[in-house]
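Note that subunit A is present in both complexes that follow, paired respectively with subunit B and with subunit C.
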Partner chain A sequence: MCVWCERYADGYERWYFNPANYARRLYKIRKEEVEAAGAEANPQAAGGMSLLGRDFLEAKERNDIEAMERMRREAEEISWRTHFGQVITLDDALKIADIMYPIAVMTCACRRSMQGLPDEENFTCMGMGPGMYKWERWPDTYRGGVQFLTPEEAKEVLTKLNKRGLVHCIYTFGTPYIGGLCNCDYPDCGGIRTRIDHGVRVLWKGHQVAQVDPELCNGCAACIHRCQFRALSFAPTRNKAYIDPIQCFGCGLCALECDQEAITLVERSSLPALVEAW
Partner chain B sequence: MLPTITIDDEKCKEPLSCRKCLLICPSYVFGLGTNVGPQKFREIALSHFIVRGVRFDKCSGCMECVEICPQNAIQVSF
Partner chain C sequence: MTMGWKYGKPIKERLLILEEPGKFLPFDADRGLVEEVSAKFDIKGLAESLKGKDEKEARKALEELGKEVMKLTMELADTKYLDRTGEMVERVAKQTGISFPHRLESYVELSLLGLRPTDRWNIAKATTKELVLQVSACSMQKALGEAGVEGLPCKGFCFASFETAAEKTGDGIKIEMPKALPQDGVCEFHISV
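Up next, the complex of A and B:
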């Protein structure tokens, strides 16, 4: 079971459907901890790697498993307490748009760090909750400004971003306060990179897993470019899409692209080997 | 093998406007950030932006960043 649901769902189907986790009383960014976590010469340049420095990469290179594990654990502990994410489907994101207010679209800090993407091309991130009313206090976090959206507008934006191939992830700001609904891809997203490149769980898998029905898959391969997690490939011998269930993050982007409805999402909890594979 | 990547901030003045190295790098090795923390009610001046090597494990040593930098501010060595 999802540990965040165990702790914070309070009877709701998933922890991020519990309105209490968006409530003002939780809104408190533990600033000192966040700063300590990224306290390097270039705190912001770290761009998603702020929890892992060069020492981690050096340990990896010399295959020092013990040091890597220690750094991984430390990074995860800080992240889970202050700022971590979980992949969600478009359906779940649309539901959040109905339970959460306000929602605003803003520029993505990861893409600014990775590409220096100009603000006008970079409105792919969404901020939620009472924190958004304070955006003017932090002009740099909200570089380019914010646009507040009605729930219907938020759903339209989410659907468009999904069509573009971006994965929805919720992020905490002082767990369990959920304040971010990010729309991410590899290699732009610091969270996806930290997880995929180094196995550090600053980003958790979602509650579902995608499966291909080989009877329905016609081998058109339209889904292949939709996977940001290296879980989906094309199996030439069978002429079918292939999804690695262990590697799948359950974002559902591949399923939405399939005209044949050959890809379905099943609950992670229904697959014994994956129940705890977050 | 991890490279050593150095950026001369004296030469690299406004990386947010230039961003040539960020875009040419085939594996997004660089990170763009600032040398000051977040400032209340103030947007950080362009001169405070800096570029650093971050994802050293993805650097192949192609040296395209070194070649494209108009200020010759980047050094990569193995």
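Up next, the complex of A and C:
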């Protein structure tokens, strides 16, 4: 079981199925002075991009393991308390669409910074829950505007984005409150990049792991381009797909692409070697 | 969202954009609303006046109070003390066609803040099917207890106020109360549609 399920599932199968983690008061009594926007006002906060600075990269360059470890630990502690993500499957994302409200598509801060995508072509992030009624409070984050969706429309959008090869990740905004459902890929996504390139766990692996049945795999290689985590490779001599279980984040993108049904998802908790590998 | 691009494009007619970026918008509950509602109704005085009455009679009086408090709250919230959260709740409901839970929740929260600003309460669930409200420290229940009013007649207050709000929002609600103060440490209301 992941630590977040231990702390916040409250009897639900996974912590992100617990509706309490999406519920929040709409109101508090207005203070006399104007309040500053929260940390989430900074669009660079998405995916923990703002948690690692140049000093981390410099320590990495000079191979200063001790300094890197310290900075990694500090970044993770802040992230887990305030804003971290976990990979989820499409099935889980569709279930989430029914247990919280409202949901809105908004622009992705990561792609804004990595690709310079114009706002009108960059509507892939989803903001969720009552915090979305206050989206105007963070004009930098929401400069492109928002479009609110019904749960059914949200499911349609998630399915389309999944078909395009984007990974679904939930994000907390003041853990355990879950306020974002991002649809990510490498190298655009700050969360995936911070985890894959630097080993900092601002993005947690999902509850499942993909496995290939070599008997069923016909070697078409259609799944290869779907993996955003460098877990999937192709064994040319055997003409079969191979998934590195340690590297797999359990997003399920590869499984949905396989028309031979050669890739299945199994529970991480059922694999002793991976049970603590989040 | 439309197809035809790797990432998403919004539907222009449904896109909400920043009207005046950087302008202060009042998202929180106005103090004026709290002061007006608190000044108009006197919980302690009512509790004293119910001393010696049976639970049924007390409940009836509290139901009336619940309706009145909610009516005043809604009137003030929609006019004099209109806030941006309430406005956005209405705009989103119009855009998605989904009223529940937040149109109701906004009135319920404002009435709680208005009459009992020091109470401790929490929203434990807010889906399009169910709203769960937990009240763990209630000045109404405390005042009735101190006045020696027996039972939990204030349940009538909460039920009546929620139903009054639901009448306005047009939500056909059902209310259950699986936990109650003081024995459960919390009054828990499950409001479903």
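The rule we apply is simple: the second predicted complex is superposed on the first by the 254 of 278 C-alpha atoms of A that agree within 3 Å, B and C clash if a C-alpha of one lies under 4 Å from a C-alpha of the other, contacts with A are read in each partner's own complex, and residues count from 1 in each chain.
Quick note on the criterion: a residue touches a chain if its C-beta (ideal position, glycine included) is under 8 Å from a C-beta of that chain, and two chains touch if they have at least 3 such contacts.
Computed from a predicted model, the values in this text were never measured in an experiment.
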Under the stated touch criterion, which partner chain does A:Arg193 make contact with: subunit B (first), subunit C (second), both, or neither?
first
Going by the contact rule set out at the top, does A:Phe148 touch subunit B (first), subunit C (second), both, or neither?
second
Once the structures are superposed on A, label A:Cys108 by its partner contacts, choosing first (subunit B), second (subunit C), both or neither.
second
After lining up the shared chain so the two structures overlap, which partner does A:Pro139 touch, if you call subunit B first and subunit C second: first, second, both or neither?
both
If you stack the two complexes on chain A, which partner ends up touching A:Gly219: first (subunit B), second (subunit C), both, or neither?
neither
First (subunit B), second (subunit C), both or neither: which does A:Pro245 touch?
neither
Winner on subunit A touched-residue count between subunit B and subunit C: chain C
Pick out the shared contact residues on subunit A: the ones touching subunit B in one complex and subunit C in the other.
136-137, 139, 143
Could you list, by residue number, the parts of subunit C that touch subunit A in their complex?
1, 3, 5-11, 14-19, 21-22, 24-31, 34, 84-85, 88-89, 92, 95-98, 101-102, 105-106, 109-110, 113, 117, 122-128, 132
What does subunit A use to touch subunit B in their complex?
35, 41-47, 49, 54, 57-58, 60-61, 112-116, 136-141, 143, 187-188, 193, 197
Residue ranges of subunit B in contact with subunit A within the complex:
1-2, 15-16, 19, 22-23, 27-28, 30-35, 37-44, 50-52, 54-58
The answer for subunit A against subunit C in the complex is residues 19-20, 22-31, 34, 98-102, 105, 108, 111, 117, 120-124, 129-130, 132-137, 139, 142-151, 157, 160-161, 164
